[in-house]
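Common to both upcoming complexes is subunit A, partnered first by subunit B, then by subunit C.
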Partner chain A sequence: MAVVKADNRGLRLASRYAVLILVAIIFIFPLLFMVMSSLKPSSQLLLDTKSLRAFLPVGELSLQNYTDAFVRAPIAVFVLNSVLITGVTVLLCLFVCSLAAFAFVFVDWSGKAVIFSILLATLIIPYETIFIPLLLMVSQLPWVGLEGFELGWLNTYRVQIAPFIADALSIFLFVQFFKDLPKELIEASRVEGASWWTIYRRVVMPLSGPVIATAAILKFLFMYNQYLWPLMVVQEEAIRPVMVGLGYFTDQLNVPWGEVMAYLTVITVPVLAFYLSLQRVFISSVASTGVKG
Partner chain B sequence: MASKLTRANRTGWLMAFPGVALMTLFIIVPFFLAFAFSLTNQRLASPNAAEYVGFENYSDLLGVAVFTLEPERDDSGAVVRDGDGEIEYPRLRNFTRNNPDYPNLAGKREWFSWQSGENRVVVLASDVVFMKALVNTFTFVLFVAPIQAGLALCLALLINQKLYGINIFRTIYFMPVVVSIVVVSLLWRFIYSPGDGLLNNVLGWLTFGAFEGIDWLGRTDTALPSIMAMSIWQGVGFQMVIWLAGLQNISPTLYEAGEIEGASKWQTFRYITWPGLRNTAVLILIVITMQAFALFAQIDVMTQGGPLDSTQVLVFQAVERGYGKQDISGGSTISVILFVIVLSISLVQRYLTREK
Partner chain C sequence: MADVKLKGIKKSYGPVDVIKGVDIDVNDGEFVVFVGPSGCGKSTLLRMIAGLEDITGGTLEIGTRVVNEVPASERGIAMVFQSYAIFPHMTVRENIAFGLTIAKTPKAEKDEKVMEAARILQMENLLDRRPSQLSGGQRQRVAIGRAITRNPEVFLFDEPLSNLDAALRLDMRMEIGKLHKSLGATMIYVTHDQVEAMTLADKIVVLKDGYVQQMGAPMDLYHRPNNLFVAGFIGAPSMNFLDVDIVSQDGTSAKVNSPVVAEFAAPVWRDGVGQTPKATLGIRPQDLRPVAEGGILEGTVTLAERLGTETIVDIRLSHGHRVLASLGEDRVFEPGEHIRLDFDHEKAHLFAPATDQEKQAAQSAA
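For the complex of A and B:
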C-alpha cells in the first residue's frame, strides 16, 4: 500500500516537471535556434530547419556569419551608440526622478499636490501617441552647443536621450519607496541642521538601493530596445542604435539569415547574460510595477 | 514642529524642477500639440504656415456612410442579370464621384458590403485603410488582452508551486520579456517562413506529415493571428511575474483556513485566490490593453501592414503618415484617436472593476 502511494507521488511529481519542461521549451526554442543558427552557413541553416538539427550545434560551424555581419554593417558603432544612449539616459533618469520624488515625498512646497497629480496622469499617455507631434517639435528645437547656436535636434544623441530622462513611472517608483522610509530619519537630520541636499545624498539615496535597481533595469530595457523613435529621428549611421541598425540586413532582397542571426545574437546575448546573472532583481523589478499600482 | 522642519518652498521647487520641466517639454506639451495639430494641415517641413481646418482631419479618417445599391432594372422593371445570373448593380463610382445628389458619399470608397434581398448594402469609408487599421487594432487587443492575461495566470500558478528548481523555470519563462520585440519579431518572421519554415516543419513532425505548410505571414487570414501569437509569447512572462507577486501577497492563513474547511482545489482558487487577485487583475488588464494598442514594431518588422492591409494597425498608420508622408496633422489625428480609445477603455475597465 505504502509503495503504491509513493509511486503515485513520484508520478505526479514527474508529470508536474514534464509540464514545466514542455512550457520551458516553448519559451526557449526561438532563442536557442537563433544562437545555433548564427554559427551555421546560410545554406545549412535553411536545410537544418527540417529536423531537430536546427537546435543543435552540428554540421559546419564557424564564426563566418559574425565576420560577414561586421563587414556589412558598422555593428560596433551601433552597439557603442546604444550603450552610450542607454547609459546616459539611465543615469540622468535615476538622478532627476529620485530628486523629484524626494521633493514630492519629504519637502513641503506650494503646488506640489497639483503638480504630482498632473505628472501621474501622464502614465496613461502611451509614448506612441506623442511621437508624431514630438517629431515636429524636436525638428524645430533650438540648441546651444560647442559649435554655437543651432536649430533642430534631428540626427543627434540628445534627441534620443532627453525625451526619456523623466517619466511618470520612474518618479512614481521612487515616491512609493520613499514613502516607506521612516520620516523620523529625515526630521532628525533636519533638527541636526543638515541641508536638504545632504539629506538626499547622504541619508535617503544610500537607503534606496532596491528602488534604484528597479528603476535602472526598467529604463535600461526600455532604452536599449527603443525602435520607433530612433527610426524617425536618426538618419545618420554614426549615431544609429542597434535595433534600427537591423535594417542593414532586412532591407536586402535576399535576407542573409545567417548574418541576421549573428547580429541578433550579438545584440541579445549580452542582455540575456545580464538578466540571467541578476534574474531575481530583474523579475522583482518588473513585479514591482504591478504590486503597488 | 514637523511642518516647519519640512517646509521649504524654494528647495522643493528646485529639486522637482528638472523632472517636471523635462516631462512638461517632452510629454505634456507634445500631448497637447497632438490635439492642436489634428485641427490643422501641419506638415513636417513646409514653406507654408499651417492653417486651421477644423475637424476635417477627423472626418477624413472617420467618415462612414451606408448606401443601398438597387439593382439595375430594364424598361419593364425586371432586374438585370449578367451571364452568370448575378444581379447587376450601377457602379458605385457614379455616386461617389462628382454626384451633387449624394454629397455625403463624395470621395468615399467601398469598405465592405453585404447582400440584402435584391439590394446590395455597401458601407463606404473616407479612409478604408484607416478603418482596417482601426478594426485590426481592436481585434488584436480583444484577442491578446484576455488570452495573454489568462495564460500568464496559468503560468503564475504553475510557477507558484513549491518544487525543487522552480526558479530555473521562472527565469526561462520570463526570458523573452528582456529580448527586444524587434529581435523577437525578426526571429519569428523566420520561424513563420512559408514552405520549409521552422513552424511548418515542427507542425509537420507533430502530425506525422499530415500538416501542409502555410505561408503564415503571407495570407490575409493567418497574418494577424500569427502576430498575435508571437506577441503573446513575448509578453506573457511580464504579466506572469505581476500575477505571481499578487499570488504571493495573499495571506497563507487564508489557505490554511480553507484546508481546514476541506475546500477543493477549485474552491480554493475560486474563493481565496481569485478574490485576492482582484486588484492585480485590473492592473494587468489596463497594462496589457495599453501595450497592445501601441503595437508597432511587430508590424513594421514582419508585414509592413500587408498582405492587403490585413495587419494595418493604428500606430503603424500614424507613423506612415506623420513620418513617412510627413503629414504631421494626419499622424497626430490618429494619435489623438488612439489616445481617446486607450483612455476610454481604461476608464471603463476601472469602472467595471470598481470596489462595490
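For the complex of A and C:
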C-alpha cells in the first residue's frame, strides 16, 4: 500500500516537472533562437529556421554580427540612454506611486474613494490613445534648465521620462499591498511619535519589498520596450532608446537578420540582469512576521 | 505619572453609537482593567485614550491636560497591542529603541534605556535577534520593552495576552503585574478574560453596549455586583440564576421560594428588588455545598468534572432548570445521583426579575 502511494507521489511529481519543463522550453526557445542566430551568418540563419538547427550552435559560428551591428548603430549610446531613461523612471515611479498609495491607504482625507475610482478607471485607457494630445502638450511645455528658459520638451530625456512616472497600475499594486500590512504597525508607529514621512520611510517601505520588485519589473519592461513615444518625440540620435535603434537595421530591403539578432541579444542583457537581481525579493516576504498570524 | 479622567466620553461611527457616555477616573499609579464581552466598546475606549480614534463627545484628561485634540504621540502614553505590532524588519534592539530613535535621543542614552528595558524583561540576550526568531511571549515582551523605554505617563494594553497559549499567558500575566509594581505607572488594560481582570486590577470597569455597568475593586464586583450582567460576567463558572417569588419582605431581606427553590430569607440591597412579587436569585457555584438533608435545592447529577482541587457538578433540577456547583474538593459523583444543595443564605443575590435572555447573555458573556 505504502509503495503504491509512493509511486503515485512520484508520478505526480514527475508529471508536474514535465509540465514545468515544457513551459520552460516554450519560454526559453525564442531566447535560444535569438542568441544562436546572432552567431550565424544571415544566409545560414535563414536556412536553419527550417529545422531544429535554428536552436543549436552548429555551422559557421562567429561574433561578426556583433561587430557589424556595433558599426551600424551606436548601440552603447542607445543602451545607456534606455538604462538611464528606464532607471530614472522606475525610481521616480516607485517613489511617487508608493507615496500616492500611502495617502490612499493610511491617511484620511475627503474624496479619497472618488479619486481612487477615477484613477482606476484610467487603467482602461491605452497610452497610444493619448499620445497625440500628449505630444501637442509636451511640445508647448516650458522648462527652466541649465541653459535658462526654453519652451517645448521635444528631443529631451525628460519628455521620455515625465509622462510615465505616475501610473494607475503601479499605484493600484501598492494600494493592494499596503492594505494587507498590519494596521497595528502603523498605529504603533504613530503612538511612538513617528511622522507620516517616518512611517512611510522606516516602516512601510522596508516591508514592501515584494510589491516594490513587482512594480519595478513591470515598469522596467514597459519603459525599456517603449517604441512609439520616443519615435514621436525624439529626433536626435544621441538620446534615442534601444527600441528606436532597431530601426537602423530594418530600413533596407535586405534585412541583416544576424545583426538584428546580435542587437537584440545585447539589449536583452540589461532586462535579464534587472529581472534576476529582483527575483529573490519576489520569494521572500517578511511583512507578516511581526504580528501574530 | 498621571491620572486619566474620562468625562461623558462618547463615540459614534455615523449613526451608530459605540460608546454612549462613559465617566471613568483612573488614579495615578492605578492598574485599571476594562472588561466586557466582544463589541462592548472596551477596545474603542482604549484607542480613544491612545489617540487612535477621534472622540465624538466628552472630555479626556491625562494629567492636568485635556487631550481630546492632542496627537497620540504627545499624550505621554505607550501602547501594547494584541498582535504585538513589532517591526519585522528590525532587530529587537531597534524595535525597543524605535521611539527613542525617532525622538533623536543621543546614542548613549538610547543604549542605556534599551539595556534597562531588556534587563527588566530579561531579554538581554535576545537584542540582536529578529522578531521572526522569537516566540510569541518574547515578541510581546519586545512590545512591552518598546513601551517602557518611552517612560510614558500611562501604559495602555489592548488584550496583550490573547494570542498566547495558556501557560505563557499565566507567566506574562504575572510579569505584567510585577512590572506595574516596579514601575508604579498608571496602566489601563483591556481584556475579555475576567481572570486577568480579577488578578491584575486595582479597579475593574465592566462595560456592556457602550455603557459602564460597574466600576470598582475586583472583590467588590465579585461580592456585590450591581446587576445581573456584572454578576454573571465576573466569576467562573458563571453565577447560577433562578426565578423566585417573593413571599414576604422587610427592608433588608426577603423570603423567597419557587417550585425548585425551598423557602429561605435572602438579603435585599439592590435597587428594583421587591417592587414586584418576582425576583431573580443568583447563587455562585462556589457557594453551593451538598447536604445530607434539607437544603434549598435538590436534583440529579448529570455531569461531574474532577479538576483535582475542585469538582464542578452539573445538576438538573425539576422543571428543566439546572445549576452548576463548584465544590472545593475532589469528590466522585455518578451521573443520575440524587443531590441536595444548600449555601450560606447571606451570600444570596437577589436581582430585579430578568428574562431568560438577559440571564443567558450575562452567563455567556463571561
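Note that in this section the second predicted complex is superposed on the first by the 233 of 293 C-alpha atoms of A that agree within 3 Å, B and C clash if a C-alpha of one lies under 4 Å from a C-alpha of the other, contacts with A are read in each partner's own complex, and residues count from 1 in each chain.
By definition in this document, a contact is a pair of C-beta atoms (placed from the backbone, for glycine too) under 8 Å apart; a residue touches a chain by one contact, two chains touch by 3 or more.
Fair warning: this is a prediction, and the values are worked out from it, not measured in the lab.
Asks: In the overlay, answer first, second, both or neither for which of subunit B and subunit C A:Ala238 touches.
Replies: neither
Asks: After superposition on the shared chain, which partner residues are touched by A:Glu192: those of subunit B (first), subunit C (second), both, or neither?
Replies: In the superposed model, A:Glu192 contacts subunit C only, not subunit B.
Asks: For A:Ile130, decide between first (touching subunit B), second (touching subunit C), both and neither.
Replies: After superposition on chain A, A:Ile130 lies in contact with subunit B alone.
Asks: Should A:Tyr200 be classified as contacting the first partner (subunit B), the second (subunit C), both, or neither?
Replies: After superposition on chain A, A:Tyr200 lies in contact with subunit B alone.
Asks: Regarding the shared-chain residue A:Leu228, is it in contact with subunit B (first), subunit C (second), both, or neither?
Replies: After superposing on A, A:Leu228 lies in contact with subunit B but is clear of subunit C.
Asks: By the touch definition at the top of the document, which applies to A:Pro182: first (subunit B), second (subunit C), both, or neither?
Replies: Only subunit C is touched by A:Pro182; subunit B is not.
Asks: Examine A:Phe104 and indicate which partner it touches, taking first as subunit B and second as subunit C; both and neither are also allowed.
Replies: First partner only.
Asks: Is A:Leu264 contacted by the first partner subunit B, the second partner subunit C, both or neither?
Replies: A:Leu264 sits against subunit B, while subunit C stays out of touch.
Asks: Subunit B or subunit C: which reaches more residues on subunit A?
Replies: B
Asks: Taking the contacts subunit A makes with subunit B in one complex and with subunit C in the other, which residues are shared?
Replies: In subunit A, positions 187, 190-191, 286-291 sit in both the subunit B and subunit C interfaces.
Asks: What part of subunit A is in contact with subunit B in the complex they form?
Replies: The touching residues are 13, 16-17, 19-20, 23-24, 26-28, 30-31, 33-34, 46, 49-51, 54, 96-97, 99-100, 102-104, 106-110, 112, 115, 118-119, 122, 124-137, 139, 162-168, 171, 183, 186-187, 190-191, 196, 200, 221, 224-225, 227-228, 231-232, 243, 246, 250, 257, 260, 264, 267-268, 271-272, 275-276, 279, 282-283, 286-291, 293.
Asks: Please name which positions on subunit A make contact with subunit C in the complex.
Replies: 182, 184-185, 187-194, 198, 203, 206-207, 286-292
Asks: Which residues of subunit C touch subunit A once you look at their complex with the stated criterion?
Replies: 50-52, 71-74, 77-79, 81-89, 98-99, 102-103, 130-132, 136, 139, 143, 146, 150, 163
Asks: Spell out the residues on subunit B that touch subunit A in their complex, using ranges where they run on.
Replies: 2-3, 5-16, 18-20, 22-23, 26-31, 33-34, 36-37, 42, 44-45, 155, 158, 161, 163, 166-167, 169-184, 186-188, 190-191, 196-198, 201, 233, 237-238, 241-242, 244-246, 249, 280, 283-284, 287, 290, 293-294, 296-297, 300-301, 315, 318-319, 322-323, 328, 331-332, 334-336, 338-339, 342-343, 346
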